[in-house]
Amino acid sequence: MQSPFPIPTFALECKTFAKDSFGASFTHPFVLALAKGTLDPKVFRFYQIQDAKYLESFSDACAILSTKVSDPDDKLWLIDAARMALVVEGQLHIGYGKTLGYDANTIANTEPTPNNWAYQNHMVATVMKGSVLEGFCAIAPCPWLYIELGQHLLQEMGSIPQDHPYASWLNMYSDPGFNEYMTHLLARVQKYADLADETSKARAKMVFQQSCNYEWMFWEQAWTNQNWPSR
Amino acid sequence: MQSPFPIPTFALECKTFAKDSFGASFTHPFVLALAKGTLDPKVFRFYQIQDAKYLESFSDACAILSTKVSDPDDKLWLIDAARMALVVEGQLHIGYGKTLGYDANTIANTEPTPNNWAYQNHMVATVMKGSVLEGFCAIAPCPWLYIELGQHLLQEMGSIPQDHPYASWLNMYSDPGFNEYMTHLLARVQKYADLADETSKARAKMVFQQSCNYEWMFWEQAWTNQNWPSR
Amino acid sequence: MQSPFPIPTFALECKTFAKDSFGASFTHPFVLALAKGTLDPKVFRFYQIQDAKYLESFSDACAILSTKVSDPDDKLWLIDAARMALVVEGQLHIGYGKTLGYDANTIANTEPTPNNWAYQNHMVATVMKGSVLEGFCAIAPCPWLYIELGQHLLQEMGSIPQDHPYASWLNMYSDPGFNEYMTHLLARVQKYADLADETSKARAKMVFQQSCNYEWMFWEQAWTNQNWPSR
Amino acid sequence: MQSPFPIPTFALECKTFAKDSFGASFTHPFVLALAKGTLDPKVFRFYQIQDAKYLESFSDACAILSTKVSDPDDKLWLIDAARMALVVEGQLHIGYGKTLGYDANTIANTEPTPNNWAYQNHMVATVMKGSVLEGFCAIAPCPWLYIELGQHLLQEMGSIPQDHPYASWLNMYSDPGFNEYMTHLLARVQKYADLADETSKARAKMVFQQSCNYEWMFWEQAWTNQNWPSR
């Protein structure tokens, strides 16, 4: 599939480096069942609750990263990204919460699964300790994968039937409105890559790949109803 | 003047503790000249450029604090506060920038004055190292003072003449739309004070007072065209 | 086994809450094989290299936490804990590195396993975002478990034969010198618990339990030669 | 005076850029009176108490910076620098505390002066938000200036009379043992400068200069018995 938004050099290097990890999500059983509409609503509910918790940390990561950039445009972009994680996607949760039976309290009182907690802390610790480039590379795979996946599923399906049980989800992530978001995000990845030495870039690619792995592990935790070991 | 927004117990304790420091801004020569319209536009320009830089750190402080609260409403409120610092007030700067001759580049290339830099880092270091309560007490005086001052000046003046050279500034901060912002902010100060022990509350009051002092020092740096010593 | 160091109330509550998670490490096949001396040196080498990386983040967590305490004794204790993680245990690695064939470069060039990376970031993100109490509860299980485990194994074995392949490891962690360390650590857990409200304490217990789970997952990653999924 | 430790290129650039700011401390009335032995013990006591508070933040800055370097040697060096700030210099305070009448409680209960608080937060916010290079440049002027000043004063005085009222202070900072510390510190400044782009280096030089200004402002706050304005 051709990308509906430009992919600058370093972002492409990252994606090529993490090709298998990025691609694995496309064939995860959770994703296939979601697209087909056969996914057990209980599993989707589990996924949505964990996702809501995840988005709070995505916001945290963007917020911390916003303090480390001095260009006011980059700062505002990151604050907006934090905001979108909390608001726009929160709206999705309000919708599904009513249908599937969960609300803000359910979310607050649910412990993150190990895979989810690991992904959240990977982002937060990376923006805290790492360079600005590593920070952007930690957060980029989440929107990139969802948007590419959403548009890929739409292409596969031709159109999303109104009565598809996961129509809202599929519509959200296949929305071409996200292309502009991605254009801005990847332009910033490139901007900070242009300033970075080779070691930093190698580290950023590893961070990017780890986030791609965490994306796969996120489907996995929902699919397997993951719990903490040794309890 | 009666407060146009509710002031919960601990917020009132803070303000009472810092009464002189809070009040000092109302009679600072910069403020008096601003209200009268006699303030040298060069001095106002200096102030506005420093203020733009200050707001970036105000955003940083809100952003870091947002990562330390677990209630999603508090998180979103802080992200919105960060956003408002960057956007809404940024608009003020665009307006005055045209009139007074400065733009984003001017702001980026101007070094903060000692008083400004001290205030900025006071907020950032406090949210980083301190409790959530201390964090809220570090950021509260800035909007509280500006809003109370704006409404006080409006009351004094009766109305703001359209041809007042600082009409935009005076209109912005006397806008009753900020009352809701203050209501939410002080409710959060109270919420975290309710969970805090006495030592933490004493520290938070000191932080609040220091921010009040920095407000006065901010007028002062603009009024005196402050530079770094020993250069 | 009676504890060789005092366990204050809240620390005991944490340990009781996380009983199964804490206890699970004692019967992990890695631990049993290590004690018997039958553990494959390749597996031990894998474990040691990952452990060296882990200790860098343990140091990071102590370092960040040190900035959030205002009592200079607590600050110094945490800096010393950071230092010990880097130095004293680093010495163990120098010894085993010679025997098992790895050095500082090997460590630097090895990617952390998912379980290790998750544990590291759990500590770092918790001290960054959470309360001081949560921070102490994130780092406490590591030394506590190792010391209790070391002394338990010594008791089981009666004495550690000089020719035991993992004698240095067993001697280090059964060293009663660590009792003082634990006394100080748990006293600080109690000190900050005394200042905390119930919600904070509940969160801290969850953090403690998660760290206990990560301890078990750490043996597991070495035992299973864990790699990142979907690569 | 020839430097008793090597000054790599970028460190020299920093010092040259900040020449006036760095040099201003050498002739500050506080320093002159300290060297002559005519400094009012009350003023020295004020300085020492503020200095003790300052060192806690110096430790904090080193601690946070230690989490952002991945080389274990750099990490340990920074943890050791944090430790030295708390321990070695703490010993100086114990000595003078007995003579001049202050102890740990006095220090804990004294509010930092504006200049001190500004310097502390400058270091903490810079290591939090800035690059590793900026972090090193924020902390470097403090030891560099004290060591160069100590050795300069020793040279001027020929030797430090045993009955000089500030002999311990003068002996500490003229101790050639610090030369190794400086060698290591400046080597790290250079190492991270070698990886940095021009914009980052320009920012780091500004940070270095600001820390030099804060050094002068530190003598000044003690000399003038500085208090917070508008209280």
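Which chain is which? They are A, B, C and D, in the order written, and residues in each are numbered from 1.
Heads up, the rule we're going with is that a contact is a pair of C-beta atoms (placed from the backbone, for glycine too) under 8 Å apart; a residue touches a chain by one contact, two chains touch by 3 or more.
A quick map from chain label to UniProt name: A, B, C, D = Putative transcriptional activator, TenA family.
Computed from a predicted structure; not experimentally measured.
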I need the common contact partners of subunit A and subunit C, sorted by label.
B, D
Taking each chain's centre as the mean of its C-alpha atoms, give the chain farthest from subunit A.
D
Distance between the CA centroids of subunit A and subunit D (whole Å) is 44
Rounded to the nearest whole Å, what is the centre-to-centre distance of subunit C and subunit D, using the mean of the C-alpha atoms as each centre?
35
Measure off the straight-line distance from the CA centroid of subunit B to the CA centroid of subunit D, and report it in whole Å.
31
Interface hub residues of subunit D, defined as touching at least two other chains
60, 67, 70, 124, 128-129
If we count contacts the way the header does, which residues on subunit D are in touch with subunit B in the complex?
20-21, 24-25, 60, 111, 114, 117-118, 120-122, 124-126, 128-129, 206, 209-210, 212-213, 216-217, 220, 228-231
Contacts from subunit A onto subunit B in the complex sit at residues 56, 59-60, 63-64, 66-67, 70-72, 75-76, 79-80, 82-83, 86-87, 90, 104, 107-108, 124
Which residues, counting only subunit A, touch subunit D once they are in their complex?
67-68, 70, 128-131, 195, 197, 199-200, 203
